[in-house]
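Going by the order they are written in, the chains are A, B, C, D, E and F; count residues from 1 in each one.
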């Protein structure tokens, strides 16, 4: 492990997905998934998100489109919250999901819109 | 927007998925997803389903196979109901999903059969 | 192996994909892929296509949509020929691929149209 | 149907997924899905799993990787249990899912780890 | 068809993919694929790309990520050229494909990098 | 970058895919794809393949199944060679691809068998 890349990853992951969420993920990790948590933090968040060249806002845009197509609703909802944190507006999120519908098909778009509305409803309750 | 294509789409969508469902979708639409609802109605249901060349029954057959493979259970259940409305029998639906299992793999088939049985159970309750 | 199902499969496969193609597949099979050739003939073509409940034309329709989405151009081209053999018209094939574009995205449709045009061009040369 | 292949399939399926589970699947089958249950038992479990050349442990390894990528959580959970029955350790399951994350992307890995932890928690309750 | 949306689509498509490419597509269209060409021009390029809310550069970013994952090399190469036209730098394209590798798996990234290098080599020849 | 993980990765990658292939990849890398080559070497081959818990033979088995399903023929052919290097027999490769056909559908199996036969034919020529 590259300690510095890991620390960078932990910081970015906490800033994008929320400190509480990341601390819970780390605290609840057991022998089974701890190596994976550490790998994701270093590889995805440190060595990936930590690179220059794209802004966090741009990385969030890509993630919303990619995770919609990859059909992973649990992760998509996390990254919709992260996208708002990174400064995307609801109007931009709508445009991204309409482009998903055109390039990956209407059902992918329908699911993405439903999940976004669930996230917005949860946030409105707070 | 092409008003006539939109109207055709709204009519077909209501006839296939049910008037109540479509009215609810439209009524509950907000600033965020209204442009998408309108786009889907015009593009998918008007410019797509509104074309001649395939019967509604044939379009439903294609959709059951496609949406099973695309792995979108929420949409699949809607279109299983739509397929019954469009005149497909349970026996034909079984044959479609068996062909899905062969061409897209057994797990895709297993999920499609489970979702169909849930739809049939819901309809039997009424 | 169920001999009768295998024989049924061999017959249907030859009628749909062409006797020459199937004989070549079988003749060129070696120790490595012969068990797979037999498996596909028995289960996909015998136990699958051999079932009642859908016409060959309907099974071809499903296959064109499914194999486009599964993104397997080599198989798609074979089944476009098979679809013509089974009585689908070019107009029906167009409608199927337009529905693919709507439900699985524009790039899936673009590829399907290109492959169909290649098949039609090859057939026109003969 | 090849009776012997079917019987082999029924035996292997029961040993891997559990006698109770398979008996319930068979007993609850109705006119709609019975032909599919029989097909899966013969084709997937008899003609597939019944082949020599790979151990059950190896087939379970493949299935965990494949079903994670195919994104079928219901089936994945069944096969995580089956993998434990077939002798895979939790450490091996972790390694498989880390390899899934690298080759099929982090969100596929995240979902696989979550589902495995749910299965382990259910088993710990008993 | 909404004539104005179609004209907008034709203009944007030509500006992004190149006038020559689009004119050839349209001229070579026959009875089989002409309705599809018009459909894509109106809905994908007019009703989709023609919307405000995202810049062309941002839409290109999304497309590079999406089409890599959708695994459509022919379309990907077209849109890599389009992305350069829309102002993305090679460095930004690299960052997008590295993020694809993390979220959709290393093989998706490897293919995207190979296709981009092919496009760059073709452009360098001119 | 963790230098030690990178070196481990470079060694494993060379042993599995061939020293010549890896040296060519590294030598031909330019500003555009060098960061990706290094990233893949460190994370996929060092931090991934370098982990204990699965043998190289087992990791090759997983890769053949996964890359077939991910539909990346170029990578699949590389990993079929790697699998032979890691000690898998042709009979085991056949069994893996038959299981792919069952779980991911017949067309995925057909493509995998065709690509394996191309690799075997290339190797036989030497």
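Here, a contact is a pair of C-beta atoms (placed from the backbone, for glycine too) under 8 Å apart; a residue touches a chain by one contact, two chains touch by 3 or more.
As the structure is a prediction and not an experimental result, all values here were calculated from the model.
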| item | value |
| --- | --- |
| Recurring contact interface, reference E-F, options C-E, A-E or D-F [over half identical by residue number] | C-E |
| Chain pair showing more contacts of the two, B-D and C-D | B-D |
| Type of subunit C:subunit E copy interface by residue overlap (half), same or different | different |
| Centre-to-centre distance between subunit B and subunit A (centres being mean Cα positions), rounded to whole Å | 30 |
| Rounded Å distance between subunit D and subunit E, as computed from the means of their C-alpha atoms | 40 |
| Per-residue multi-chain contacts in subunit A, two or more chains | 35, 39, 43-44, 51, 67, 70-71, 94, 98, 102-108 |
| Touch list for subunit F against partner subunit E, complex | 31-33, 35-36, 39-40, 44, 67, 70-72, 74-75 |
| Subunit C partner contacts - residues on subunit F that touch it in the complex | 71, 90, 93-94, 97-98, 101, 105-111, 113-114, 116-117, 120 |
| List of subunit A residues in touch with subunit E within their complex | 43-44, 48, 51, 53-54, 58-59, 61-63, 65-67, 69-70, 91-92, 94-96, 98-100, 102-104 |
| Contacting residues of subunit A [partner subunit C, same complex] | 102-108 |
| Subunit A partner contacts - residues on subunit F that touch it in the complex | 1-2, 5, 35, 39, 42-43, 47, 51 |
